[in-house]
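Would you mind keeping the following structure in view while I ask a few things?
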Amino acid sequence: AAADPIRVGFLTVKSGALAAGGKQMEDGLQLFLKERNNMIAGRKVELFVADSAGQPAITKTKMQELVEKNNVQVIIGPLAAFEALAVDDYIRKAQIPVISPSAAAEDLTQRKPNPWFVRAVGTSAQPTQPFGEYAARELKYKRIAIIGDDFSFGHESVAGFQRTFEENGGKIVQKLWSPLNVADYGTYIGQINPKVDAVFVSFAGGNGLKFIKQYNEYGLKGKIPLLASMTAVDEGILKSMGDEALGVISAGWYAATIDNPANKHFVQGMNREYKQDPGYYALGAYSAGLILEQALKTVSGKIEDKPAFMAALRNVQVAGDPRGLLKLDALGNPIMNVYIRKVERKDGKLVNSIIKTYPDVSQFWTYSRKDFLAAPVYSRDNPVAANLEK
Amino acid sequence: MKRALLFIFIALLAILPWLAGSDYYTNLASQALIAALFALSLNLLVGYAGLTSLGHAGFLGLAAYSSAWLMLNLQWDQASAAAAALAGSTVVAGVFGLIALRASGIGFLMITLALGQILWGIAYRWASVTGGDNGLSGISRPHPFGFDLGPASHFYYFTLLVFLLVWAVVALWVRSPFGASIRGTRDQPRRMSALGFNVWLIRWITFTISGFFGAVAGLMYVYYQQFISPHSLALANSAEMLLMVIAGGPATLAGPVVGAALVVLLKNIASGYIDRWIMLLGFVFLFIVLFVPNGIVPGVAKLWQRWQQRRRHKEERA
Amino acid sequence: MSFWLIQSLNSLALGGVLFTLAAGFSLIFGLMRIANLSHGAYFMLGAYVGLSVITHGYGFFAALLAAGLAVGTLGAVVERLVLRRLAGNGLGQVLATLGIAFIIADFSLWAWGGDPQPVDAPAFLAGSTRLFGQVFPLYRLGVLGFAILLAISLWLLLDKTRLGMMIRASVDDMQMARGIGIPASRLFTIVFCLGAALAGIGGVIAAPILSVYPGMDADMLPLALVVVILGGLGSLAGAFVGSFVIGFIYSFGQALFPDLAYIILFLPMVVILAVRPRGLFGRIAA
Amino acid sequence: MNPVLELSGLSKAFGGLQVTRGVDLRVEQGERHLLIGPNGAGKTTLFNLIAGDFRSDSGRISLLGRDVTRLPTASRAQHGLARTYQIVTLFGKDTLLHNVMLALLGKSPRRWRHWGSLSDERTMTARAHAVLEAVGLGHKAALPLQQTSYGEKRRLEIAMALAQEPQVLLLDEPLAGLSAEERDTIRQLLGQIDRKITIIMIEHDMEVALAFADRITLLHYGEVILGGTREQVVNDPRTREIYLGH
Amino acid sequence: MATNLLELDNLNAFYADSHVLHDVSLALAPGKVLALLGRNGAGKSTCISAIAGFVPPRSGRVLLAGIDLARSTPEQISRAGIGLVPQGRRIFGSLSVRENLLVASRKHTPAGRRCWTCDDVHAMFPRLRERQHQLAASLSGGEQQMLAIGRALMTNPSVLLMDEPSEGLAPQIVREVGDVLEQLKSQIAILLVEQNLGLAMKVADDVVLLNTGRVVFAGSNADFRQQQAQLQSHLGIT
């Protein structure tokens, strides 16, 4: 009945190495609920929070707990791509609608789409595809060296960048992969080919912080410009960085500096409640809330009508998303603006200022969906880097 | 006494899905049994042979990845994939044994740790085969004799069957003359060779068999999760298996089972109620080691004995 | 040319970091035969304590002192209350020290949050210098210097005092050691406290390079183990040389064999231990 | 008669320290051979070389007509060699019976059996009880080793070696630390051992040892100084000078 | 009373519930050797352990120069001047021979006690000098025994407790140990537990005989010889 609360599961990470992102996600979602007084589409929300510790096996148990024990009707989560993949089968079997606030693995909405799964954030390569073009056409770089985290997110985001950069006449002359838990980037910085126009880095978590600091210490800052993936200079860690990050150019579907009323409201809220600018994770969770709200409004709050709710979810259009207009493509992935951003200091704090906007970018960029999906998924060696120099 | 306990325990396990009430608890029980399988297999090494291994999750990975890969990429059927995975993992265990048994004590621990890390690194890095950190998903559960393992209770009974089988085999094996010699090599390796035992060979066989049972557990793990990624092979996972054995009571048959149940339940249930559940787990381990330093099962058995003695004393006096 | 030079410098610096990490572990393991699996956690805790001291404006050296004191005290308490009762119970020690590692890791997450945090080098070592035409961070040279200093002081402490001897005697036979007048019980506490304090100080020293983040403990513990085992059990010299051997293997291995980056530490270790179970310099069979 | 044990040119060094120097030794079947020498002369080391605990640097060991120089310890035991240790090396947590059972199992192909139970091995259990009885420990068979006295442990050492029905038995100071009474027990025990078994013994208690030995070898700094019948060696001035000291 | 250096007064000691020493009393004067005899398991080692503080006595007093040490820790007892050569040697196996001696050595010793050095010990047991850099665990049994004696001397004791020092020693060395005891006894008092009756009788001034934890004889060497026939059963000689 409509009087019953809507039961929402939230699968996040509160312990272990990924807890920082989990906390930001929780902040974003809590802000969303607070702004609405815990009411969506006229119904109260009962939130069940579960901690997966960033371990796939626990993710699955927690998912089961949410579905089988807490009887949730929709789930927001999980955080990491491998967590989402670990519960992929279960989501299908349990037929539970899931809105992903963070997991960016390409295939989740490409070659292995899941009818019960939609995404509030983009794919790993969604922002780097325009970025590669930008680097070649606007920045006029010809030769670029790449360093990335040696895991799927790194591989995919680098692949997108490499593909469009080389298609626009650039050359990737060096590609280095550093292990996620690398003790020290000195080894990698020492290998950078000095005869490049720029270095593109793709890091997640705290690695961007470490790398950019050491890049400066080894005297490369100011000599070779640094381009970065969205997460390497995300607002979530930018707050911990110093001047060494100034001038880093990156591409992402969000920046706390986006100038629209919805985002101003969001950023103010985050600063009021949690004393920080939102970044990747907070935005993802907040936006997942918006998507849920929009879909519920479409079905007048009747989440119990699962087919109708799922249909509404997959056709959702959010006008008031902090990123601007947001809609989902047929595979459940957002079509949204991608922003080219530059780290600057404003009012004493580091921010990502927007220097260019690519409107309505899809996960397939300018390629045809059919051709895109026919090719194998982006990876460490795909597309092949044909211009490497040794 | 022991027999009665065992009987009650098995009876409880048999009716557990009815007691559980929801699939969630049945699934938890399946997970605890699978963890117990790992702990049982590791206990052969740690408890009976006195060789502390920090690489046991490697066998989980070997079995899980190879069966998953064979099914997903070569479209092998379940049974052949399982057989091949077990055979392959056992062979690798044999080879690892050759390397690791060059040392004993902390050296053995380090070599097994390193071997485990190497398997982890391969799983992580050889993405074309293993899917990298995204892992392999879409793995189906087998249909032994047409029995559908999809529903939670079905899978639970299947797991229980495998568990009881392995447990019985292990129980018989450690009682056997060979089992006696394994314990001998743990306590006095030098004397054992002087008595005519081939200490190295005994250890190697134990290592290989432990690897085999680890692979059995690995298969059950991947059937349950229907997913495998490098996280399952991580050092933390090997350490967790070791902690189960030590907390429950090494070189006992019940210890690893108790330890596994404890850790699985704490991890999955306590984490629903408190945020700082890892800290709680840490305190539970500390508590165990302080009050029953040889593990829960031996500790409780000792308390029980003492209590019995005291009762008898009282009766005598009365 | 410059590749070899810069990587050699990197290797040396990394070796320095590794020795500050491993020294305390080696001390405790070498003398007390306890494989202290909470060492990584002590290291991280030290780094966090240091971070707090620095953010409160007290400077790097105050941070070193505070971390040493705080973690050292914790070590002493742990030894008195827990490890003392587990003498000779190797498996019990594994359980206890891992349990403590869990507690510290989760406590740190609660107390300092999950964000990775940078730590600035002290002002006089900030910035870079030119070495043979290469820009190289000054702080790393500082760490190398510190490692050497640390090695010398530990060597003096253990060799010129009878501390090391007395501890080893106590480990061999605690009761007998007391019977010839060695205050074994107090010494154990002191050594464990010292080892823990070294871990805490090491954490602060390494923080400007590694930064502080949850999971640092789990990343660092295997490195400490690798260094100490490869260098040779119970040998401070082994730990020292082991640190630099690992530093070189790690730096050059990752650069020259990028495909093996994840296993570059463990492959040589397996080979070395399989051929020489007591490690490069070990006196005692592992 | 063929020697059951023959050492030729056996040498062993630890680091720079030459502990065994070109030892030649022949022991005939059934012989009671006593090995004497000052502390640190290399007697125990020689036992370790014969038993296979150490590998010799050079020289040859032949046991019952077979070259065992390169064989591992266990194979030598299978070949008919048994020993006791100078420092008690037993299974402390197990019962005396289990200790002996392990000794029996070591010589039985059943040690490779992965099923059944050791305690169900009736013949073996009976044998073990008999052996314990023979050394006067029958009534303590079920006692955990930790709860027995030093003298009992020493007797058990011998019992385990005897249980293996060796052809050559090496005894390293079986009497050390025993009170007069227990010495007597062990002396009688040794006297009862079947003459088919060859025994080599290291012992400093001359009273018992001399009565026991047929032939004696005197070691000094790892070298055989002198070997011969009991009378020859006892009466040799070098024995007095190096070993007895009077 | 004050003439006795070490005095046990109605000592009772237990292992858990089993009562091993029953009201044991004995007295040891400076410059004397007291032989403590008895068969295996009579409680000799327990008596030594009780004095050394390993097995704290449940009642009774252990007086060293009039000061009660019965409630002191082993390290306090050692520092008060009691040296120990334990049964089974118990040398520190992972230390070198030299370290075994150094680790026991004292810088500060109350006046009146002799200050032993490694050289003194080497002079007594030349074998130890030859082996000084070797790990003690790899010493031969007899060498370990010498080391245990040397180590005890390095603590500069005024009373030396020796638990079967001749075990495992070659006859020649046993004789030498006898000589050493004669030498030492002019400087310190010695409580000697021995199975080797010959050695004990050669050096002892007084004899105490234990049986199942009770003193069954206490008297001078001469008295003991006289009554030896009656005492045989307590010695385990049949």
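Each chain carries a letter (A, B, C, D and E) given by its place in the written order, and its residues are counted from 1.
The definition used in the following text is that a residue touches a chain if its C-beta (ideal position, glycine included) is under 8 Å from a C-beta of that chain, and two chains touch if they have at least 3 such contacts.
In UniProt terms the chains read B, C = Branched-chain amino acid ABC transporter permease; D, E = ABC transporter ATP-binding protein.
Please read these numbers as outputs of a predicted model, since none were measured by experiment.
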{"item": "Starting at chain B, fewest touch steps before arriving at chain E", "value": "2"}
{"item": "More contacts between chains, A-B or B-C", "value": "B-C"}
{"item": "Taking each chain's C-alpha mean as its centre, the one farthest from chain E", "value": "A"}
{"item": "Farthest-lying chain, centroid of Cα atoms versus that of chain D", "value": "A"}
{"item": "Between chain C and chain A, distance of the C-alpha-averaged centres to the nearest whole Å", "value": "36"}
{"item": "Between chain E and chain C, distance of the C-alpha-averaged centres to the nearest whole Å", "value": "44"}
{"item": "Intercentroid distance (Cα basis), chain E paired with chain D, Å", "value": "31"}
{"item": "Overlap residues in chain D, where contacts from two or more other chains coincide", "value": "none"}
{"item": "Interface hub residues of chain E, defined as touching at least two other chains", "value": "none"}
{"item": "Contacts with 2+ other chains: residues of chain A", "value": "15-16, 150"}
{"item": "Pairwise chain contacts, counting only pairs that touch as defined", "value": "A-B, A-C, B-C, B-D, C-E, D-E"}
{"item": "Chain E-touching residues of chain D, taken from the complex the two chains share", "value": "14, 17, 36-44, 86-87, 149-151, 173, 176-182, 184, 204, 206, 242-246"}
{"item": "Chain A residues touching chain B - in the complex, by the definition given at the top", "value": "14-16, 50-51, 53, 55-58, 60-62, 64-65, 68-69, 81-82, 85-90, 93, 105, 107, 112, 150-152, 155, 379-380"}
{"item": "Residues on chain E engaged by chain D in the complex (per definition of touch)", "value": "39-41, 87-88, 127, 131, 134, 138-143, 145-146, 164, 167-176, 195, 197, 235-238"}
{"item": "Touch list for chain C against partner chain A, complex", "value": "3, 6-7, 10, 13-14, 17, 106, 109, 113-118, 120, 127-128, 135-137, 139-140, 209-211, 213-215, 218-219, 223, 250-251, 254-255, 258, 261-262"}
{"item": "Contact footprint of chain B on chain C as seen in their complex", "value": "35, 82, 85-86, 89-92, 94-96, 98-103, 105-107, 110, 218, 222, 225-226, 229, 233, 259-263, 265-267, 269-270, 273-275, 277-279, 285-286"}
